[in-house]
Amino acid sequence: MTTKLLEINNLKQYFPIKGGIFGRTVNHVKAVDDVSFYVNEGETLSIVGESGCGKSTTGRAVLRLDDPTSGEITFQGDDLLALNKQQMRRKRKDLQIIFQDPYASINPRQTVRQILEEAMSIQKVLPKAERMDKIMELLDTVGLGSHQLDRFPHEFSGGQRQRIGIARALAVDPKFIVCDESVSALDVSIQAQVLNLLKQLQRDLNLTYLFIAHDLGVVRHISDRVAVMYLGKIVEIGEKKEIFDNPKHPYTKSLLSAIPVPDPSNQQERIHLKGDVPSPIDPPTGCRFHTRCPFATEKCKNEVPELRVTKDMTGTHQAACHHIEEIESGAKQPNY
Amino acid sequence: MSQNENVLEISDLRTSFFIEGDEIKAVDGVTINVPKGKTVGVVGESGSGKSITSLSIMRLIQHPGEIVEGSISMNGEDLLSKSERQMQQLRGNQISMIFQEPMTSLNPVYTVGEQISEVYRIHQGLSKKEALTKSVEMLELVGIPSPKERIKQYPHELSGGMRQRVMIAIALACNPELLIADEPTTALDVTIQAQILELIKKLQSQLGMSVFLITHDLGVVAETCDYVAVMYAGKIVEYADVHSLFRSPKHPYTVGLMQSLPRHDIDQEELNVIEGNVPKPGNMPDGCRFAPRCPFASDICEKRLPDLDELENGNKVRCWIYSDEWDGKAEVNVVDDYKTAGNQ
Amino acid sequence: MPETTIHQPVEKPRNPHIENFKNIVKRLKKNKAAMVGGFLILLFVITAFVGPYLVPFSAGEQVLVNKLQGPSAEHWFGTDHLGRDIFSRIIHGMSITLYIGFFSVVIGAIVGVIFGIISGYFGGKIDTLIMRAMDILLAFPGILLALGVVTILGPSLNNVIIAVGVFSVPSFARIVRGSTLSVKELEYIDAVRALGASDFRIIVRHVLPNVFSPIIVQATLRIATAILTAAGLSFLGLGAQPPKPEWGAMLSDGRNYIFDAGHVALFPGLAIVIVVLAFNIFGDGLRDALDPKMKS
Amino acid sequence: MFVFTIRRILQTIPVLLGVTILVFLMMHLVPGDAAQIIAGEAASQQTIEQIRERLGLNDPLPMQYFNFLLNALQGDLGTSIQSGQEVTEEVFSRFWVTLELAFYSMILSVFIGLIAGIISAVRHYTLTDALTMIIALFGLSMPNFWLGLMLMQWFAIELKIFPVSGWGSPEQIVLPVIALGTAGAAIIARMTRSSMLEVISQDYIRTARAKGVKERYVIYKHALKNALIPVVTVIGLEFGTLLTGAVLTETVFSINGLGRYIVESIQARDFPAVQGSVLVVAVIFIIVNLLVDISYRFLNKRIDLN
């Protein structure tokens, strides 16, 4: 029986743009615009998309690192947005985050021991006397040696720093972790080490991940379900297998086809996308993808498509496109 | 490939940085050729020395770096013995380069037009007006819509993808024989990356130039290169045509790299990893530089550095396993045994 | 077979504060300018404490018959219009100079850092308010603000310290605000926030230590400016009052005798130059060693 | 750009108001009774009361400030106690001298500072660089009044090349301008150098070299224009330092400018004069920085986006 650990409804995150003569808010960056999804206990939901699609903003809003403009965030039945500052601080014990940049994400002036000790003392995990044992255990868990306890971040490589960041998140025994591009700054060989570690931790500690990434290879490897975002909206969501093997949204398809395959004898047909991603300040009307979509029609320009199920989708698969059926049947041809 | 005419021949290149009296060998004895009209990729992780190799070709290594030894020749002419002035005449003319960061690689205080025109004015002595006309043509060629308006814009008014197109326009303005592309798409999103790679391929066949592509992305290599050199810790460990490399990689590092790559097109249970970290430049192992991380490493690997030996098919590999002196387990299949060897 | 078991040597536990300090010292040692400047400053401090007991004359000792004598074996820097030994007076004045420089900067730094951190960390209205207030202070070019303060409080040594302190507040506030803003952007601040740390904890434990370098660098350079400003005030007769052997005041005296005895103005001025130079050199060195991104 | 200019101008209004409040309060915080000081020690209680009435000192403080502001806006800064003249007139009769002094010194600073800074950056790691920077460090560490005195002693008293004091003739200008301009030159030189060095390590400079641009043009075309942008701000701030320095330089060379007027007024506790002249200097400083800020944006169009 799967239970929903986290549920997001109609999340919006608008950042004001100041301007004009009096420096008033003249416009908004609609970074996340009406997004709903849930994460089941023990699973990994990935959010993928290109830069500026709002995936990181979503992750930060879930943790209330930036307070969202509107929406509902329910974690284990509690409405996170209704908590006051104090209550939220306590709640943070359950929700943690692992960042992208192994250099900027740990305080250069603290040793590993201080970093982990501080995490525990903020959330009052364990009595003081027992914390040392836990620190040693954490180091072992993430694959660092106990002899590295009193070292400073600059004495570690990027991959090892990322392990410190993981240990810090684990120090408070969280249930849920947002991994915000947690492996994208690492070299391939190190990235594989960290990915394996994250998978193993999930099994051992029954963790739930919201995994934010732009690399579809990484996403395929780590996820149970995947949500694809484009310009602040989820365009497609579903089980990993469905998204990768049975994508329905033209954006998902073109994204998958754009990635170079590391196999010279198996190069695939590419769907070409015109131009750049439009600005989230003034996003296109109707379907936000219509300006670049090879299948766009008048309807796409005017009506916002909702996430929906079509007949050959399985599981929880949904996509937000008006023309899924016509494209599938070949009735609609791409218009380059 | 030996019968091919080479545009560029690098042999035994060593480029070092001198920091507080220590010599840090960023590129340590690299030999590689770029055949005419072909694309040669150099793939490696950060710190492998691939970018320094490309800057060495351009002779753009800045203090405290220095090309210590080796030779780089283009069409038979030795680049290292040329004067700075002669190099200036070559750069942007016969050899061009594009860089990783399109956001910072253009001068913020000059318009796009001024920056492209400059190349024509230096190398072809065109007037301001003629150069500008040519620049518009060039922008059109690299697929920038309404080039006449774009030419008056400043870099900050363009997106990352557009800027990289402008960089390509600058690089290809004088129809160079060799284009050096240093991680040209790393900073871009995949859909934009696809556009840029497509563009480079298209222009390469149109203009008949050779491309020297630096990247860390095996996918990009597979898609664009004819030949590939794999670099590790300042040295080339494997050199092969792209099909052989991906079908039957020879060096354990190449294998490890491929097996640790999460793929979007196939399912993988568990990723194979390369244990440990890249050695620090000041603290290189005596023997094979990959030996401390190699699952097959044997005594000889730790003691002596293997040569980059040519195999029967003309490809090259720097590994004791393929030599007569190999003292480890007989009959090693690096691809299939990589994982089991690693778990021992 | 070589030893294959990986033996991890157990390292001694290290005190992070000492390690941080050691790192700074290590980087400073590599910087010749910082070493020279630091050595000079140390020498000056020692002189300020010990010097007065070693020099042949006291600060106020007048021998009118010997007035306005040029440098000699007895009076190395000559004598002034009251026949006082200039060398001895300069040595006596060292402590005044350092005292003004140090305390005015401490006042300016404390107030400025508090404003700057609050402004940078919380942003919004409070930031606008503080920064506008700083703009107002900055609108009075340099010495003018100090002049104003001295006018209100009256000329005296301690008032000069307050005046110069007030005039250093905005520069600290701005630098600290800027550094706070950039530190605040770093992911590790978000990480501790995600752990549930309070604002106070984040400021004290994570922001302050990481904006410390620019503060120290600025403080050192500001001491140099403070000494110059204070000397200027004294020169105008608005700072330390005679017969205190303050260098600016001595220069002011010397100015009246410049036609007959140039040395009276020469040596106190040289003293100012050398002390200010030492702080500037040390500050430059510190900046290069601690905070290479900060510009002069 | 236009919006920015307007906004920037509007932003200075609260600052200007704040400055007037501060100046006003400064003079009202002075211990002692202003009317007493104006009237003199021997004045009768009645005269003091009359003066108090005339100056409006019996009004509540906000009222007094309002009157002060209103008068100031109309160009009336009150009457000098010392001379009995209009402060506005006195200030402006001396103002031009100071402005001239500051202006010439500025030219000297910018000219020498830029040249020295560029040479130093281009010859990075050479003896020329080291020497230039050592000289700049000295220039920065010298009190300008002392430099003035030394110049006076050598060139006016000993060598008799230039006159000892005064302002107006070309010979009179030289020494004060050197005394005042040296520190600015040093600061601009250091700033230019560090700015140049930073720009030279940027990616777009590498691009220029990769295009085959001659090193000379890399420096003077691609690097310098970018490097000058932050220098412009420093030049603006330097103007304030020059106005300040003028206070001391004018005293040293007995120049009848605004700086000396302020000092004399302070010494004589002539509050209306101090208040008026300080206000004028502050307002000028604000305006200069406003102009610099606007021209900075103009040079650096990139900022406009953010």
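Per-chain numbering from 1; labels A, B, C and D assigned in written order.
We adopt the following convention: a residue touches a chain if its C-beta (ideal position, glycine included) is under 8 Å from a C-beta of that chain, and two chains touch if they have at least 3 such contacts.
Please read these numbers as outputs of a predicted model, since none were measured by experiment.
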{"item": "Greatest separation from chain B - chain, by CA centre", "value": "D"}
{"item": "Interface with more contacting C-beta pairs, comparing C-D to A-D", "value": "C-D"}
{"item": "Chain C and chain D: spacing of chain centres that average the CA atoms, whole Å", "value": "22"}
{"item": "Separation of chain B from chain C, taking each centre as the mean of its C-alpha atoms, in whole Å", "value": "51"}
{"item": "In the complex, chain D residues that touch chain C", "value": "14-15, 18-19, 22-23, 26, 29-31, 137-138, 140-143, 145-146, 149-150, 152-153, 157, 187, 190-191, 194-195, 198, 230, 240-241, 243-245, 247-248, 251-252, 262-263, 266-267, 274, 278, 281-282, 285-286"}
{"item": "Chain A - residues contacting chain C, complex", "value": "60, 63, 65, 88-93, 95-97, 99-101, 104-111, 114, 118-119, 122-123, 145-147, 149-150, 152, 165, 168, 172"}
{"item": "Residue ranges of chain C touching chain D (in the complex, touch as defined)", "value": "132-133, 135-136, 139-144, 147-148, 150-152, 154, 224, 228, 231-232, 235-238, 248, 251, 254-255, 258-259, 262, 265-266, 268-269, 272-273, 276-277, 280-281, 284, 295-296"}
{"item": "Of all residues in chain A, those that touch chain B in their complex", "value": "50-51, 157, 159-160, 187-193, 195-196, 199, 214-222, 244, 254-268, 270, 272-273, 276-277"}
{"item": "Touch list for chain D against partner chain B, complex", "value": "125, 201-204, 206-215, 222, 225-226, 229, 299-302, 305"}
